[in-house]
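Below are two complexes that have chain A in common, paired first with chain B and then with chain C.
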Partner chain A sequence: MDELVIILVRGVGVGAVFSLVAMSFNVVCNSSGILNFAQGNLLVMGGLCAYLLLPGDPEPIHWLVSLPLSALLVAAFLALQGWITLLPLRSSVEQHSWLITTMAVSVMIGAVILVWQGPFALNVRSPFPNFPLFGTRTPMSYLLAVACAVFWYVVLRWFHSRTQTGLAMSALSQDLDAARAAGIQVRRLQILSFAISGLIVGSSGFVAAPVIKISADSGISYVLNGFIAAVVGGLGNNLGALIGGPLVGVAAMFAAFRFGGQLQNAFSLALLIAVLMLRPQGLFGRMAARRV
Partner chain B sequence: MGAVAVAALAIGGPGAEAQTGTPVKVGAMLPITGAGPIGEAAQVGVELAVKEINAAGGIGGRQIQLFMADYQTDATIGVGEAKRLVHQEKVELMVGPTYSQVTLAVLPLLIEAKIPSVNVSGTEKLTPEVAPYSFSMLANAEAQAKKMVNYAQVGLKAKSAAVISDAGAQAKTAVEAIKAELAARNMKLTGVQDFQYGAKDMTPQLLDLKRGNPDAVLLFTSNGDDTGNVLKTLGELGWDVKVSGSYGVALSAPALKIAGKDAFRNTTGLNYNGFSFCQGQPISDRFKDFVTKVRAHKPAAADRLPLNYLSLWYDAVYILKWAVEGTGGKTDGPTVAAFIEQNAGKFNGINSGLAANKQTHFLIGPDALAVVHPDKLGEGGIQQRTGC
Partner chain C sequence: MSEAAANLAPAGQVSRPPGIVDRELCLGIAIIAIAILIPSLAGSIYWTYTVLLLGLYVTVAVLQNMLLGDAGQVSFGQGAVFGVAAYTCGIMAGMHGYGFATSLLFGIPAGILVGSLFALPALRVQGYYLGFVTLSAAVVFPELLVAFNDYTNGINGIRVNVPALNRPFFAGITPLCVIVFLLAAGALVLHAWLRRQRLGQRMVIAAASPEAAMTLGFSPGHVRSAAFVIAAVGTAMAGALYVPLVGFVSPSAFHVELSIFFFFSVIVGGQGRLIGPIAGVAVLYLLPNALLVDLVQYRLLGYGAVALLIMLLFPDGIVGTIAKRLGAGRPGAEFGELALAMPNSALATAARPGLAVDIADARKTYGKLAALDGVNLQVRAGSIHGLVGPNGSGKTTLLNAISGFIALDSGRIAALGRDTTSQAAWRTARLGIGRTFQTPRVFDALSIRENIEVAAAGPLQLPEAWTAAKPDQLPHAQRRLLEVLRVVASNAELLLLDEPAAGLSPAERRDFAQLLRTLRDRLGKTIVFVEHDLALVWRVADQITVLDAGRVIADGKPADIVAEKHVRALFTGAADA
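Now for the complex of A and B:
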């Protein structure tokens, strides 16, 4: 029983990172229809910021100062990426060039990390002590990742329901042409959504840096699991992302415990297939109306 | 440095002008870009050996002309560079590559051109049938497995053991060899687990193994990062079990950064004999000379490069020199390979006790490996042997 609780807690911690990537997916997807496949490497970029900004043995004050800086740096990068991605598109949904451009950005980030830092994983030390759990010590970064996921969920919910900009952004997800006709500055809001997704992955990569793999080749794993979390929860639904991430994380941890480490990813994909077969819109998604 | 940026060096020494005849063209396939200290160590090892050999008169009186190729850890670039070295530069001997997938990709070119080579790759696919003229300086999985199990039984008095490894091809071979060795020694296997390269949290795997209550854990990793993450998780779980580890476990610099020195309290790894020492006993003159030479050659880099890895490349050049001179100056693959197969045990390099034959071209056998405490470091990063 103790073992299962330990796996559950750590699985939720790992899954919270997937939730954050999924929310980041949702923010951009809702405003533009674009799935930014660079999100995995952008999360790694947040971790890289932690590696570069924090001293070898950091104090909490270093961490607190560097966290917003990391989020802003990645947000600025993502705003630029968004502008470039949206440049050839009128409203982002009638072409699919974004498939290539977002993947290209991901490949470029990986290549730069490889040439700059080499192929080996970078390690970041947490300024916070581990917390006890059934005789074991669990990294505080897992708890912080969960807190970060809940924080961004609450902020996004408030933003989309209580601010004029957020409401306008929600309008984009309903009907781009109608939003444009209503005078909403679509392109500006779409770039802003890229920047907000940058704030999310930049902060979550930084917070989870001690427990994620920061290397040139690790982004693919996070983008894949983040995408699975988004689809399992219901693409575009942040509550679904918040729940879907821990589901994927716990399932992967349990699969490793029960069937072996090699089956972790296979189990996550099996979960995705099962959800898509039983509930194609995801656990919290709504069926889209279709014109016939 | 890009893939096409090549150094064609004839590193001359005091005796260079006295030499006659055409130079021996030696190719060196190195992961200079993208592999961090490993690529740099490989380059320094090859350059130092070539510089010394040329200074001492070359190979059988012929100076070495060195052609370096940076394959950037990429098999596709590696094949392109190998084609250039073989067809354009017409090299006669080759050292490298070091990544198995690159080595397997370039081998057909070397075989076709009958070029003898010494690589630094560990895949079991490098059999004499697949690579008739190529030898490996990396400790192979089976040799490591035998040494690890032997230490668990004899050194740790373990009657049962669990196995955890990465999911790579070499580790798969090692796990099978470990299982066979445990069975041969009547030791109980309590569980087997694996993890993906670079996994940060091995909690589920270790909790699963802990249920079997083994006397020891056999840990096969290919790099220090994975070692550090396994040991860190062991510490977090409070599982105070003895660990007998592979060569990857002895790559302690990154592991110490991740897990800390205390995590190695119950952990041993494998290193090359020449890179181990006994407390209170003098360190071998051969090793001290080697460290001095590396420091003189690259003063700024010597202390941050893994010297055991560097020595593999250094010895690789010397093995080819020794074999060519042993065959009366012949550089064709069949002749050089036959000489190494028959005489590997007589090679007297930084790494000695080599053991290739017609059945295996892995030069590092169990006798060339020592069980070490990865956290107890001496001069130049060498590690203290167990039991002394």
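Now for the complex of A and C:
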């Protein structure tokens, strides 16, 4: 019973982080068709910001000041990355260069963290105490990650349906050429979407810093699980991402408890293949994974 | 007849411009030979080892190049295939005491099995989906090695000595040197050879356009699977040879970085270029190692930075950019004239009595929209049949239904005397039903000649100028014509053409009308075509069907239906537009 509660609570908490990565995928993917492989390492970068900005024994006020700062830092980095990624797409007929450029950026971030901070995972202390839940003491960061996921879901929903810019961005996701013909500045909006995805992963990496693994090699695991959450929910659909994340998180946590942490990613991979084989459009998806 | 067209057997008459590829191939083999010979003869153990390791990496990268550049399959997991073969050999030889030769019997099939498994998701998903699945496999593989440490010796790894392969038999040259050379050079030869085969060309087509592949009568999934299996065979062999070369396997040697290294090598060298992977492996491996000998941890940073810079500065890769500078392509001159002269009696099909197409009560809805709302259509064999109607009236949907790209909700379709109602597109194509698209499916990586020959049933007499010229030099309208020629060359009896004349000049339209008549009268083809140029349709068609909102509103000979009210509205509507 205790075990089940722990699996559920932590699974949902970790899953919320996957949801956030999935939503950050969706924002960029909807506006440009690009999936940013570096998103996992950028989440780790948000965590790294927490490690660098917060003092060893932080107070809530430090936390409140550093949170927007770290979100903005990662967003600025992503805007730059977006600009670079979109550069070759302007002229070349090769429309898959982003597969390589985003992967290359991801590898470089990991390598810089390795050179700078060494191979070991960094620990961040939370300013908030653990809270009791069904008789277990749960780190507050899990709860904050869930709150963060809901927050960004609501904000994105408002942004896409209520603001002029957000509406234009939704138009991009439906028909790029039509949007261009309607006078929408496509390139600028696409870079903005990279920046927004940076706000999302930057803030989530910061908020979840005490419970995620901040190291040179952990980004890839978050990018994979975030992608799986996005696919489970239906790529491009934020509600799907919000629900898909905890599903993946609980499944991965269950695998970790039952079969050991080494098999967590293997379990996620099996889940990904199962979803792609049985329901490639995901739970709420409209984009088809299949071209023919 | 068209069964022969769809046969996967290699066609001897398919030819590439001689010289270019062969020169690249010879250069590649020479580079590998010299790179292995010099350090062996000089007696440098370190450099012999490094070069042999690079030889194995080149083998994997060459096959990855085939997989990505030709077959268009994004696999980030080739390192896992390599690793599975190496580890299986290591386990059999190092932990269970089998000889290395025996361990190969386990290792190579194990690698091939894993590589072939990648083909399974590739049947369902493409592009970054496939990239993520294979990437996950590459991440998971070393984790599994650690998790099942009872069987794999975990992070301690396995030591294997194979002295027989490492003993020099002549001036520092070991049997392993010879084997690695044969493997790497063999991978290059295989790639060059494959490109001249029908299978290789089909990979290019399936990658560029699955729809076109199906129109030409083959399943893109089968071709993709073949590419994965071929790549897996060579990759597994290279993986197995890692064991005697390094003498030690451990999980850290097969991390996801290895797979990314293989992928980047292809891109940096020049995707699709035969010797690109040699340049890519050399630059990515040697540059960081030579410049930063003491700082191994900077190597990853080097991979990433080099790949990023190459992609931004030389999107065609090292070899691709050099080749582009050296030789620019010649324009495909007078394509139009030559094209109209191409159809000859060798391509004739026997006349068939009766109906070529018979559609009864075809219905298809998309959501609430009825694209086909009870359509009946009869097309006489050996006739030219025009389909006209406003945008969204169901013309293209009807062509899609006949050629098997969509399944009807209800109703029946018979084509060329067979019931094709629920047949897959590539099967329909094999019956002798050819199809062109509004956006021409032309393969820029192939020459104009190859674009036609890829569908050909037999040897063709084609103009010399088409052997080297690439279709990317043709204007849009002529690309459309090229697609028509390809369908004609496939010996299809029934040609379904979707707006074939769009973008042609008035003079070209007259020629095109003549081409359609030639196809009907001299070659006995049946032609169904969708066209917005009503004057052209009325001039050339024997029978015309007018569609509106998924229904047939007029059907008959051009002179008979021109007076009908619906049809007149169509003309005036077109005049208003």
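Rule of thumb we're sticking to: the second predicted complex is superposed on the first by the 280 of 292 C-alpha atoms of A that agree within 3 Å, B and C clash if a C-alpha of one lies under 4 Å from a C-alpha of the other, contacts with A are read in each partner's own complex, and residues count from 1 in each chain.
Following the convention adopted for this analysis, a contact is a pair of C-beta atoms (placed from the backbone, for glycine too) under 8 Å apart; a residue touches a chain by one contact, two chains touch by 3 or more.
No experiment lies behind these values; they were computed from the predicted model shown.
Peer 1: Does chain B (first) or chain C (second) touch A:T101, or do both, or does neither?
Peer 2: The answer is second: A:T101 touches chain C but not chain B.
Peer 1: Could you tell me if A:Q281 is touching chain B, chain C, both of them or neither one (first, second, both, neither)?
Peer 2: Once the two structures are laid over each other on A, A:Q281 reaches no partner at all.
Peer 1: Tell me the contact category for A:L114 with respect to chain B and chain C: first, second, both or neither.
Peer 2: A:L114 sits against chain B and chain C alike.
Peer 1: Please work out whether A:I273 is in contact with chain B alone, chain C alone, both, or neither, and reply first, second, both or neither.
Peer 2: It touches chain C, and chain B stays clear.
Peer 1: Quick check on the superposed pair: does A:G260 touch chain B, chain C, both, or neither? Answer first, second, both or neither.
Peer 2: Both chain B and chain C are touched by A:G260.
Peer 1: Classify the contacts of A:T165 with the two partner chains as first (chain B alone), second (chain C alone), both, or neither.
Peer 2: A:T165 contacts neither chain B nor chain C.
Peer 1: Go through the superposed model and pick first if A:N130 touches only chain B, second if only chain C, both, or neither.
Peer 2: Only chain B; A:N130 stays clear of chain C.
Peer 1: For chain A, which residues belong to both interfaces, chain B and chain C?
Peer 2: 114-115, 260, 262, 265
Peer 1: Spell out the part of chain C that touches chain A in their complex, as residue ranges.
Peer 2: 74, 76, 121, 124-129, 131-133, 135-137, 139-140, 143-144, 146-147, 210-211, 214, 220, 256-257, 260, 263-264, 267, 297-298, 300-301, 303-305, 307-308, 311-312, 315
Peer 1: Which stretch or stretches of chain A touch chain C in the complex?
Peer 2: Those in contact with chain C are residues 35, 84, 87-88, 92, 94, 96-97, 99-101, 103-108, 110-112, 114-115, 220-221, 224, 227, 231, 260, 262-263, 265-266, 268-269, 272-273, 276-277, 280, 289-292.
Peer 1: Chain B touches which residues of chain A in the complex?
Peer 2: Those in contact with chain B are residues 3, 6-7, 10, 14, 114-115, 117-121, 123, 130, 135-139, 211-213, 215, 217-218, 253-258, 260-262, 264-265.
Peer 1: Show which residues of chain B lie in contact with chain A when the two form their complex.
Peer 2: Counting only chain B, the residues touching chain A are 33-37, 73, 167, 192-196, 198-205, 207-208, 211, 223, 225, 228, 235-238, 254, 257-258.
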